[in-house]
Structure formats: structure tokens, C-alpha cells
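Below, each structure is written out as C-alpha cells.
Two complexes, one shared chain (subunit A), two partners (subunit B, subunit C).
Take a look at the complex of A and B:
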């Protein structure tokens, strides 16, 4: 799929982002630099559409990513000219551009102070709050970022973006249970997001395999990881990350088989070894099918991330060679 | 039976240029003016302070947990339920916990709800004033004669609609008076405004009237609703949930559902 300026550019690969930001001169040239808001202009067939502003915003983000700061400033100027300096979203974009322009930590500190000042005037400015948290995170002040996020979620607990950011921050700090809790909140807000299910499965797997885990927790986490991955596949057929995780978990379980599965009330228990084996087979078969078809560029199998496919292939090859070694 | 002879009324051909066109033009222009007036009169949506936002979103959070409890495992659902129930019952999320249990304030004295009413008043005014003016203008200048003949026959019932202001009993209902043309314009210019101003214009009064009659949305957090009662209601809703998880037996479903 070709990258489009109408979609947020957060998921793009560096190459695609570059491709987008190279369109900047054409886009900036083809659209008028100021949009008059007089009633007369509105009578004419309107040249202003919401799409235009989304385009500017996404172009701004891509340009910042690829270092084209001149175009980014131009986009920002147009957004400011249209929406004014007080618009919360424009304020956040302005902050973003300033952060990108900052040369050293001192300047970043100054921007942080500005954010604090803005939030002092209006403590419900969510875009700026989020910028501040992102800045704290990029300055490696994770505990502060986490506590600000918790405060944000205290008054706005229906913000899935903030919950998933919080989960990520906890995860890099190794606080698995907190991360899992935050991720579950994302699921409560978006119950059918298969990627979140798979991500939660990954977190459970990480929590289970972290050093120094009690055996009860281990089994519970592994059981839930299997279930989460299965659910993600159930929601999205041929979901590579889901199958990869399923394969990983079942492989691990089969390796340390022999531990009896304890039945505990109310919590998930591990499925019996036969089911685990069948799940493992299923995951293997599906993964190899995905690898084969996406490498052959078959119709309908082209959307996979190359790196993810490569990782899946590596996983399968590794297991095959291990099996060969055992036979020998 | 004798054929009723076709009525002919000699009209000044300039009627078209001096009455029909001006009325139509004036109607269109007032519509456009009304649109811009209401855009100008619009107040920006009031910014919520943090406490109000917390109150509203915490309630929404509870509703989300109630609606999507099946994605959670039993222990994590029960933990959430207990936390939410405790917070709701103690009124931790309320905007002003001291006013708990007191009857809701009179909406007339609450400044925030007054603002909403003012907005409604403004809209009403923007509708009523130009209509009154134009109608009296038409009445003063153009009343009392017919201005056009419709090119198709109509039954007698249309007389009162099309010949307002012309009290002639025997006249064919195809003849139309100026004040009736004005009423037709009020109801018929909707598509013209859509064409000129885009879909969400404030020019047509029909849309506004429909909006008033339609179901009142956004009443969940409106004035006069006691948030404490909403929270306590939500506690009950959460308490009656019998938990099941979508993860129960998902491996079996997967193994049965997918054939390689």
C-alpha cells in the first residue's frame, strides 16, 4: 500500500516517511498559502476541506521525522494561520516542532517549562499534556512520565492512547503486572483490537519468562498468553504476530512439559499437553504458509512486514535445526 | 354538464420581475445572512474543568468496563469492579463531594446551563426576527393580488394554501398569491441552501425545528442530572454482571475453526 498523507504517519517505515516528506514542495505549492475565511470565499466552490488540514499535519510529522525542518515550519505556519495560536492541537504541534529544533538538553528543559506554564493556565489541555509526557520520556525521565500519565488518566480514564503509552513505559521498566493492567484497560476501551490482544499476550509471556517468577504466576501467565494469542488470531485470520507468539509460547511449554497443570478456581489454567501440541502444530503450519505466500508475493498476502516475516522464518529454522540435532 | 370556462386573469408581465424575483432573492439572502449570523453568534463550547471531566469520564469508564468485561480475565475484572464500586460509592469522582445527597440545583440558577439556554434563545431569535420582518414587508407591499398561475391543475383544498390573503371564493386554486409564494420559499429553499452553503448550514429553519423535536442527545451530563445517582446506578449495573471471559475455551474454538 502506498503511503498516503491522509493517514497518520506513525506506522510508516523510514523509507515511506521519506517518500512522503519528499512530496512536501508539491503539496505546499499546490495548495494556497492562506485560506480566506471571508463569507464571500465560502460562497464560491470551497477550496478548503478538512482533508487539507489533515494533510498538513501528517506532512509536518513526516518532515520532522526526515529532517526537512523548513517544510515543517511552513506547514506549521499555515496551520497557525488558520486555527490560531490558541488551538490545543496546534499548540501541541508547535511544541513538537520546537522540540525538534532544540539543540541541547537545556533548550528541551526550557520547552518543558513552557509546557508547564501552559498547563498551569489550563490543566485540561490534553494534547499539551501528552507532549509533555512524551518529552519527559525522550529525556529519559521515565518515572516522571509515568506519574504524569497516571495523573492524566486520573481525570481522563477513557483515553486508550494514554493507557497504551503507560503500558509501554511500565514494560520498559520491567513492571510487568502494571503494564498488563494498563494494557487491559486499552482492551476495555477497544475490545476487538487484535493487535492489543497479541501485545497483551506478549506481555504475559515476558512476565512469565522474567527471572524470579513464582511457579503459580508462571503457569497463569503462560495460560493467559496462549489465550490472548488465540483470541488475536480468532479476530484476525493469518495474523503473523499472533501465530508467532502462539508458536513461541507453545514451544516453551512443550520444552518444559511434565509439570502438572494445577487447577485453580477462577483463573486460567494451562490447556492439556495434547491441545498445546496441536496449537503448536497449527502455528507452525500457518507460519510457514504465511512465509511461503508472502515471499512469493501472492495476491492478498503482500501486507506483511518484511522484518516480521524474517523473524518468523528464523524461529522456524531454529526449531527445525534443533529437531535435527536431537535426531542425530 | 357545461364545461367550466378556463379563468383568465390579465396580469402585468412585470409582476414576475418586480415581485416573484425579489421575494425569492430576499428569501435566499436572508437564509445566507441567518447562516452567518448564527455562525457569529455561536459561542465556543465551554471548556470543561478537570473535575467535571473526571466526573464524566469516570462514569464512561465504568460503562466501558460494564460493556466489555468479557475481554478481561476473572481476577482482573473483579479487581476493577471492586475498585470502581468503592470509588463510586464513596463519591471519589464527584465534582463537589460536599454537595452529595442534596437535590440538584435549579437549572435556572446554574450559570453553565443558563449559557445553553442563551444559545438556544439566540438561535430562536435569529429565526424569528427575519421571518417577522419579511412577512410584514410582504404583507405591506404585495398583499391582495395573485402573482402567478401554476402550470398544473389542483384541487380545491389547495385554495387556502396558495391563495392566502386573497379572499375570492370562485378563483381557480392554480392562482397563487404573493404571501403563499413566501411560504413556499420558506419550505422549499432547503436544497438551494445546501447547494450554496454546504450541508451543515444554519440557514434553513426546517432543520432547526427537526433538531428541536428530535431526541435530545447529550442529556447524559446535562444540567439537572445528579451525577451521584448515575454513579450509584452504575454500581448496581456492575454488581449484577455475571462474569464470563471471551478467552474461555478460545484454543478449542481456534483448533476447530481453522483448518490448515
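Take a look at the complex of A and C:
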């Protein structure tokens, strides 16, 4: 089944994106090319629905990705004809098309200048600000991108997406503490987001296992990681990613248990080894249940990503073989 | 389970129709008797329905309600973790209507955009990745 055109296509696999962009000719043919924006037209029964414009936008993104420039330009033309050149969202889409068309760095610089010019006229144009940051990042100018993001967050501090982007930029630079701080801001804005909890747990785990961490930080990060993964499971039954992370962290802790651990105090102390062991067992049991049922394609268990399931199976097999080696 | 519920509803409907028909017949008989009685003497006839018709009507109503209730689709989960777990476990499949179409309000994990960040997409990187995917033979994982 082809994915729906009503959802943003950024997380789709290449195959699915191709499927979407192949729908372009039919979608473009079946919908009228211009729709009057006069208030009188709103009185007449017309074919205009909000869905149509979301479809065009998502189609534009998919077509750009798969290199179908003709359809992309057509989508853009229709959006411009309806919303005008000075709509902020349309401006960002236009910039996106230009970025995709750019052949070399010089052209990218020119686009960047255009963005700066637009922002000079109106420096609260958030879609364009975001495009500018994304372009900076794409041109490997990470520090500049980070500082612009901080500026954006200065005047729009409730933008969870921007905080999340900032966390990602810090993370690829290896600045774990800053990344974790930014991710915690996302959680402040979206406290029920189970995937963000899991993501934060992964970041904590990365911070703990990064080379050259002090042992105090290590324990604190591991304790935090356990907490984050547990919270993500609490928010979402049978969450493969949460259980995978929990399994990974507890496994590492149990392996390290032989080493003398320093007493750490406060709320960040690690749980005792019995609790860790029980968490580990729970994660193993749940993971094997998920793997078994989703491999058997049981009804109601088919939503998991195949690659994620395969990774979980690998983790369990690896541990089983290690245990067998110890027994021998 | 739909055929069970449909059979129960149809049975209830049948009973209800039968009760209505009986009531109608009863009243016409009553009025006929009443006219006959007034012609003969002046004893008033009882105008109330016999108890069996009343019981049949009530039972038929309950059977219809039972049929309709058993025929409804399972309710949507109202606990956050159950709902989220359903999203993760079943994907789109759990949110199909009876006609096999995706529910219009299905959005998947509403927080996924915090990780994919559509406002910040790096279109050049995506194009490169797609080109590489095509070059590598486009191993089709599309369903």
C-alpha cells in the first residue's frame, strides 16, 4: 500500500518516496491547476480543500527527493498561484527548490544571501530562518548553524522542532552535555513524547560510553539512560526501541558489575544490581516476545520496522552466544 | 463476528415486527368486539394489551440492542500507553476503517516530526541518498 500523501514524507524509505513521486502525474492531472482565491469563490461549491495544498506540499518534497524536477516545479507554481509569492511557507518551499537545483557551492552561497536578504526585511520569518539553518548545516558550517539556531530559539523558545535540531547539531559535534540539555527542553515542551524519551536515553548512553568520560559522569549518564528508557516504556506499551535501549544499558551495567563502583550520591545514583538484573530480564522477555510475534506476522503485530526487529534479534543472539561461551 | 450480530439484530427485528402485528390485530379485534358489545349490551371491554405482547416488545427491543452492540468495532484505547503501544505495534493496520481505507485522522506517532524535523530537511543530502539507493539497484523494501 502506498503511503498517504497527507503526511510529511521525510521519514519514508527511498522506495516509498519513489512510489509517492510516481503518483505525481495523476495527482496533478486530477486536480485543477488554478483555484481562484477571491472571496466570491468561497461562496460557490468548489473543489478546494485544505488537503489539496498539503498534498501539493508533500508531493513537492517527494518529487524533489527523487529528482522529478518538472513535477516539483509544477507543484510549486500552483502553490505560488494560490498563496502568492510573499507567503512565508511558500517562500521556504521556493528556497528548497532552489537548493535542490543548485549545482555548486557558488549557487548555494547566492541562495544563502537571498535568505539573508529576506530576513533583513523581516527577521521573524521562521520558515526561512529554518531553511537558512538547514542550508548552513548542509554546507558543513555547523558552528554557524548552531549559533543561528540559538538566536532563533531566543525569540521563539517554544519551538520543539528547533530544540530537537539543536540537540542533533550538538550531538554530531560530540557535545553531549549541550545536546542532552537541548533534548530536555524538547521534553519540557512535549512531555509525553515517548520517542523523545527514548532518544534522550540513547544520547545519555552515547555520552556514557564516549571515550574519556569521568566515572562519575559515566554512572550518572547510565542511571539517567535507564530512567529515560523506562519512562518511554511507561508511556508506550511494547515499545521496541525503549526495550532495546533498556536491554543495552542493563547489559552493559551487568558486565561492568565486577568492577568496584564508586559510591555516588543524590538522585543520579544507579539502582542496585538486583533491580538492574530484573530490568534486564524484563527487557529480554519483552524483546523476544516482540521478535517472535512480529516475525510470525501475527495480527496486530505487523507495525514494527523490519530492520529494528532484526537489530533486536541480533542483540539477543549475541548475548545468548556469549552466555553459552561462558558456560563452556 | 459481524454475522452473529447481524443475525441477532434481524431476529430482534422479526420479533418486534411480530409484536407490532399482534398489537394491531388485537386492537382491531377489540374495536370489533366493542362495537358488537355496544350493540348487544353496555358492558365496556378492557382496552389494554395482553401481557404477552408487551413482553415480546420489550424482549425484541433488548435483542436488537444486543445485536447492535456486539456489532460495533472495538473502542479506541483511551489510556495513553495503550494507545501509543497500539500505534507502535500495529502501525497503520490498527487504524483502518471497516472499508479498508485508512482513517482520516490517523497520523501515526504525532511526535515523530520532532525527530524527522520537516522544517529543517536537508534536501541535497536526501537527493544524494536517493541517487545512491537507485545506483545500488534500488533494493525494493517497498510494500
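Simple rule for what comes next: the second predicted complex is superposed on the first by the 312 of 328 C-alpha atoms of A that agree within 3 Å, B and C clash if a C-alpha of one lies under 4 Å from a C-alpha of the other, contacts with A are read in each partner's own complex, and residues count from 1 in each chain.
Quick note on the criterion: a residue touches a chain if its C-beta (ideal position, glycine included) is under 8 Å from a C-beta of that chain, and two chains touch if they have at least 3 such contacts.
Just so it is clear, the model here is predicted, and its values are computed rather than measured.
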| item | value |
| --- | --- |
| Touched partner set for A:96, first subunit B, second subunit C, both or neither | second |
| Comparison of subunit B and subunit C by subunit A residues contacted | C |
| Partner chain in contact with A:309 - subunit B first, subunit C second, else both or neither | neither |
| Touched partner set for A:225, first subunit B, second subunit C, both or neither | neither |
| Which superposed partner A:63 touches (first subunit B, second subunit C, both, neither) | neither |
| Partner chain in contact with A:282 - subunit B first, subunit C second, else both or neither | first |
| Partner chain in contact with A:240 - subunit B first, subunit C second, else both or neither | second |
| First, second, both or neither for A:79, with subunit B first and subunit C second | neither |
| Overlap of the subunit B and subunit C footprints on subunit A, listed as residue numbers | 234, 237 |
| Complex interface listing, subunit A residues touching subunit C | 1, 4, 7-8, 10-11, 13-19, 61, 64-67, 92, 96, 99-100, 102, 127, 130, 133-134, 137-138, 160-162, 164-165, 168, 186, 190, 192-196, 199, 234-240, 300-304, 306 |
| Residues of subunit A touching subunit B in the complex | 39, 42-43, 46, 122-124, 154-158, 181, 184, 187-189, 191, 197, 224, 226-228, 230-231, 233-234, 237, 266-268, 271, 275, 278-279, 282, 285-286, 289 |
| Complex contacts: residues of subunit B adjacent to subunit A | 32, 36, 47-51, 53-54, 57-58, 60-61, 64-65, 67-76, 80, 196-198, 246-247, 250-255, 257-258, 260 |
| Complex contacts: residues of subunit C adjacent to subunit A | 80-82, 84-94, 102, 107-109, 111-127, 129-131, 133-134, 138, 140-143 |
